[in-house]
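Here come two complexes built around chain A, the first alongside chain B, the second alongside chain C.
Presenting the complex of A and B:
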C-alpha cells in the first residue's frame, strides 16, 4: 500500500522513528560480488566501446594523431582547419538542403497516410504491413536497387514511367540540380513506414469523446481533423520532427552509395566529409579534423536531443 | 462503440462521406501496393529474368524467359553463400552480445539494485544523447588497438553497448512482481538462479523485442562493418554488395540483392506484431 497522500515532505526528524512492527517485504538487495558479476558485461562493453571512445574523441579533437608517431597536442588547430575548409560549408549547405527537402517530402506524407489509414475499417493490417515493408528492406539493397531505377537514360525504370505520361527523361543522379532530390525521395520511401506506425499508435490515443464533442458543435470531418486530431498529435509531431532532423544531419549511406558526394560535390554531406577526412585518404587519416567536426556536429545534435528528451518526458507524462 | 476515429458511425452512414472514404482508401491502398510491394516484386521478378529483358523493358510485367540460374550463379559463383553466412554469423553474435549485456545489466540495475544504481543507469543513459558519429573515429582506433580488425568481434562487441536495450529491459524488469523474487529467495535461490530460472523465463516478450531489433539492425548495418572488416572474406552482404556490382552481370547482381532481402522480409512477416503494434516503437518514442 502506498503512503497516505497527506504525508508531508519535510526532512526526517532527528529522532529515529520506532521500527515498524511488521517489516516490509525484504528487498532483494545486492551490492556484493554477485552484483558486480552481473554488471561486468555492461561495464566492459560500455567502458571499452562507448565511454572511453567518447572521452577519446574529445581528447583527439585537440591532437594531431596518425597511427605512426605519438599524438601531439595542437590546441584548436583541428577546429580551425575544419572551419577553414571550403568543403565544410558546402557540406553544411548540402546537409541543410537534404534536411529541408526531407521535411518537405518526408514530414507530411506519413502524417496524411496515417490519418487516412486510421479510418480504414477492413484490412487495416494490410495497409500498415505494406507501409512498413520498405523499412525492413536492407538499406544497402534499397539504395542499389534505386540506383538502377534512377538510370538517367530514357529506358531507365523511372524515366519509362515518366515517359508514359509524357514527362522526362530526368537526369536523376547525374545532374547536380536533381541528385539531392533523388536521394531524398529514396530516403523518404525507406523511412516513411516507421513514422506512419508511430503516428498510428499516437492516433489510437485520441479520446473519442473529443470527436463527439466536436460533432455536437457541428464540426465537419475536416474540422475534426484540423481541430482535434492534429492538436492531439502535437507532441508526437514535434518528436518525429526532431528525430528526423537528428537523423538527416547524420545521413551517410545515400550520398555514399548513390553518388559518392558528386556530381560536383552537390551531395557531399557532413558525415561524408567526416568519413573522407578520416578514412578516404590512402596516406593516412586526418583523425583530428574528423573528430573535431564530429564533436561540433554532436554538440548541435546533443542540444536537439536534450530538447527531445524533455519533450518526450512531458509528453509521456500527459 | 468506443473504438472510433475521426469519422463517427453517423458519418459512415452518410453516402457522400462513405463514398469519399472508400475512394480515398482504395487510392491509398493502390499507392501503398506500388510503393511498398512494387520494388520488392520488381526485384523478385528481375532476379529470375535475363539481363537483356530487364534492360530492354524493365517494367514488363511478365519476363520473356525465366533464368533461375541467376540465383544459383549468385549463390555459388559470386559466393553470396559465403557473405550470407558472414551476415548470419555477424547478426547472431551481435544478438547474443546485446542480449547478454542487456539482460545482465537490467537484472543488476532493476532486481539486485546496488546503491550506486542511479549513477550507473545515468551514465548508461547519457550515451543515448551522444550521436554515433562521435564514436566513429575513436571506436575505429580502439578496434585497431585491440587488433580486432577483420574479426567479427569488432562488430559484435560494440553492438552490445546499446543503452536503448538496457533501458527497455530494465523498464520491463521493474514491472515484474517483486513478490516472486522474494519467494525465490526464501526458497534459497541465489542471484544466478534467480536470473536464469525466474527472471529470464518471465521476460520472453521483451527478449523477443530486443532480439528482432538486434538481428534486423545487424543485417542493415553498413558503415561500421565496412570500416572494421576490410577483408572481403569476412564481409557481410551489405558491405560486399556495392563492391560486387562492379564486376558481375546485372541479372546475377539483382539475384544477389533479392537473396539479401529474403531474411529481413521473412522476419518482418513472421513477427509483424512486434513491428506494427507500436508497442516497441512508442517505447522508442517515449525514450
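Presenting the complex of A and C:
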C-alpha cells in the first residue's frame, strides 16, 4: 500500500520579486553557489593539508609500508602488533602516571596562584607578567634550560641549591623513580601561566558583594575561597580539568627532549612510542604501527572529548 | 588532538612527496648531489670547483648541489618523503637494511664496471653489499671503534697520559682514579637513540661475543651471550661498585662528545675517527685529546666493531641518473682515495677550512693504497698525531668485525633500555633483561 500523494491546498502566496542585492545575500546565507565559492579556498586547504593526510593515515594503519616501495594491505596486523607490544602498556602506564602527577601538581598550583594574585592590591600586572613569562619562552629552549638545571651531579644547578640546605643530590632525569616527576615539574612551570590568566579572568566575574556577604557572615579567607570562589569557577575548572587530561594524554615534547623515553623506558609515553615506531629507526620505521596507535589514541581522546562536552553541557545548564 | 594530528599529517604527507633526478630542458641528466651543510666559503668554493670539473668532463650531466648530512632523526623522514639528494651518504649500520628493504637504488652493475671494483677491503665491502656480493652502496670511509680519553684528566688524576689502559681491568682502575681525583666521570657510555645498543655490541665484540649468528638466510639472535653479560657486568661494577661513571646516564653521540670535549669525561668508546667531529663541533682542545685501541679480551673471537660511511643512490633515481650518480661517486668520493692530485686538493681544502686532516681511519681498499695516500697528504695533516699512536700503532692489527647485518638499528634500540637499567638500577638483573631482549630481537630477525 502506498500513501496518497500529499497535496498542498493552500493558495500560493503572492511574493514580490526580491531586490537583486537581497537575493545575493539570501543565496550566500542559504548555502548556494556563492557560499561554495567563498568556502572553496578554505575547503581545498583544509582538505589537502588536514583531512587528506588523516584519511591517508587511516588507510596506512591497515598497510605495511616503508613509503618507498609499494604498500601491502595487512588487515588488522598493525593493530595486533601494537596491542602485543609490551612497550604499549609501559607507555600507557607512563602516560597515566604523567597525567596523575600533572593533575596533582599542575591543576591546583595555577588556581592557588590566581586566587592569591587576585587578592594582591599592588603590582598586579607585574605578577601576571611573571606568571605568564614561561609561556612566552619557546618550549624547546625551556626544556634545554631545565635539562641544564637538572644536571644530576652535586654541582648541578638544582642540586647546588638543595645542597645549600643539606639536601640531595637528586638524580632528577637520571633515575627511573625521579625522571617523570622532573618532567612534570617543568611542564607545570611551562604551562601554568596560561591557566593562571584564565582563572584570573574568571575571578573578575565573581561579584564582590558575594565576598562582602561572606565576610559579614564571618567567613575566613579559606571559607571565602571554598564557598564563593570555587563554586563560581566550577565551569572554568571543569574545562581546564578536561583540557589538562587531553593535553597530558598527548605528552611528547618533554620526554622526547629530556630523556628520549629513558631511563629504561620509564618516561616513554604513548606519543613518544608512536614517534619511535615511525621515526626512531633511521631505515624507515613501522609507519603502519605508528598510524594504528595514533588511530587508537584518537578514538580514546574522542570518547574523552564527548564526555567532556556532555559534562560541560550539564554543568552549564545547572 | 593537535599532536596526534601533527604526527599523522607528518607521516602521511611523507607519502605524498616525491623526489629523484630528472632531465633538464637542454637534455642534460640532472643529478642532485650532497654538500655538507654549514661549510666555510672556501670549502663551498672547493666543492663547486669539483662540480664544475665534473660537469666539464661530463657535458651531458648537470649537477645540483643540495645540503645534506646524515642524521638519524631526519634521515627517516627524508628517505620516506623522497627528499634525499640523488647521491647521499649513510653509515655502515644502515647499509644492509636499506638494501634489504630496497630503499636505495641497485647500482651494482655500474659499480662493478669501476676499475677498482674488486679491490675493496673484503670486510668493508660487506656493509654495502647484498648476501651474494652485489655492491648497492659504495664504501667511502671506514673506521674501527676506539677508546677516547682526556689526557688532561689523566694527568690531573696522576696517571700517565702516554700510557692509556690496555685491559678492561686497567680501564676500571683508571676510571675509578679519575673519578676520585677529579670529580669527573672516569668512564662514560652512550645509552640513548640506539647508541646504547651500539656500544653494548662493541663491548660484547671486545669480550669475544657476537649479537647474531647467520646460518644461510636464517639469523639467530645472540644478544644474551655470556660475553654480553660479562661486558655489562664490567660496566655495572664501574657504575655501582666504583661510582666512576659520573651522573649522566642518558648520553647519545652528540651529548657525550660535548661533555668529553668539555673535560667532564675521562674515557669513552666511540668511532676511531671521532676527533674530526670533536674538533669541528665541540671545540675539542688538541692537547686534551688521546685515543687508544679498545682492549680485547676473551680469546681469538674478540674483535673491534667496524663502521664507516657508504655512498648510495636514491631508489627513485631513473637509470640515466643512476649511471651519472655512480660517475660522481667515483669522481668525488673515491678519486681522493685513489689518485694523488685529488687527495692533495681535498686535504688542502679541508685543512684550509680549519677542519681536521689525518684523523685515524681504516683502509677502504688495501693497506698499501691507504699508506700511499697518507704520504700524499702528509703535509696537510693537522691532528695531534703523536697522541693518537696508542690507537694508530695497533689499529691495523686488531681484528675488525662488521656490525650485525639484520635489523641492526632495531636490535640496538632494544638494547638501549638494558644499558640504561644497568646504569640507573643497582639491582638490574642483566641476564634477565637480556633474555627479554633476546626474544624480541629474534622476533625481529624472523620477521625479515
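As a convention for this text, the second predicted complex is superposed on the first by the 258 of 318 C-alpha atoms of A that agree within 3 Å, B and C clash if a C-alpha of one lies under 4 Å from a C-alpha of the other, contacts with A are read in each partner's own complex, and residues count from 1 in each chain.
Here is the rule we go by: a residue touches a chain if its C-beta (ideal position, glycine included) is under 8 Å from a C-beta of that chain, and two chains touch if they have at least 3 such contacts.
These numbers were taken from a predicted model, which means no experiment stands behind them.
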Touching A:139 in the superposition: chain B (first), chain C (second), both, neither? first
Can A:176 be said to touch chain B (first), chain C (second), both, or neither? second
Please indicate which partner A:215 is in contact with in the superposed arrangement: first for chain B, second for chain C, both, or neither. first
Once the structures are superposed on A, label A:68 by its partner contacts, choosing first (chain B), second (chain C), both or neither. second
Answer with first, second, both or neither: which of chain B and chain C does A:298 touch in the superposed model? both
By the touch definition at the top of the document, which applies to A:203: first (chain B), second (chain C), both, or neither? first
Decide which partner touches more residues of chain A, taking chain B and chain C as the two options. B
Looking at A:255 after the superposition, I want to know if it touches chain B, chain C, both of them or none. Which is it: first, second, both, neither? neither
First, second, both or neither for A:281, with chain B first and chain C second: second
Scan A:110 for contacts with chain B and chain C and give back first, second, both or neither. neither
Footprint overlap on chain A, where chain B in one structure and chain C in the other make contact: 49-50, 52-54, 56-57, 60, 65, 67, 155-156, 246, 250, 252, 271, 274-275, 278-279, 285, 287, 290-291, 294, 297-298, 301-302, 305
Parts of chain B lying in touch with chain A, wherever the complex brings them together: 2-8, 10-11, 17, 21, 24-25, 28-29, 32-33, 35-37, 39-40, 42-43, 55-56, 58-59, 97, 100-101, 104-105, 107-108, 111-115, 120, 123-124, 127-142, 144, 146, 157-158, 160-161, 163, 166, 178-179, 181-182, 185, 190-192, 194-195, 216, 219-220, 222-223, 227, 237-239, 241-242, 245, 250, 253-254, 257, 260-261, 264-265, 267-269, 272, 275-278, 281-282, 285-287
List of chain A residues in touch with chain C within their complex: 49-50, 52-54, 56-57, 60, 65-69, 151-153, 155-156, 169, 171, 173-176, 246, 250, 252, 259-260, 262-265, 271, 274-276, 278-285, 287, 290-291, 294, 297-298, 301-302, 305
Interface residues, chain C side, partner chain A - complex: 1-5, 7-16, 72-73, 75-77, 79-82, 90, 93-94, 97-98, 101-103, 183, 191-194, 246-250, 252, 315-316, 409-410, 413, 416-418, 420-421, 423-425
Footprint of chain B on chain A - complex, ascending: 25-31, 34-35, 38-42, 45-46, 48-54, 56-57, 60, 65, 67, 113, 115-120, 123, 125-134, 136-142, 144-146, 148-149, 155-157, 160-161, 189, 193-194, 197-198, 200-204, 206, 208, 211-212, 215, 221, 224-225, 228-229, 236, 239, 246, 250, 252-253, 256-257, 271, 274-275, 278-279, 285, 287, 290-291, 294-295, 297-298, 301-302, 305-306, 308-309, 312-313, 315-316
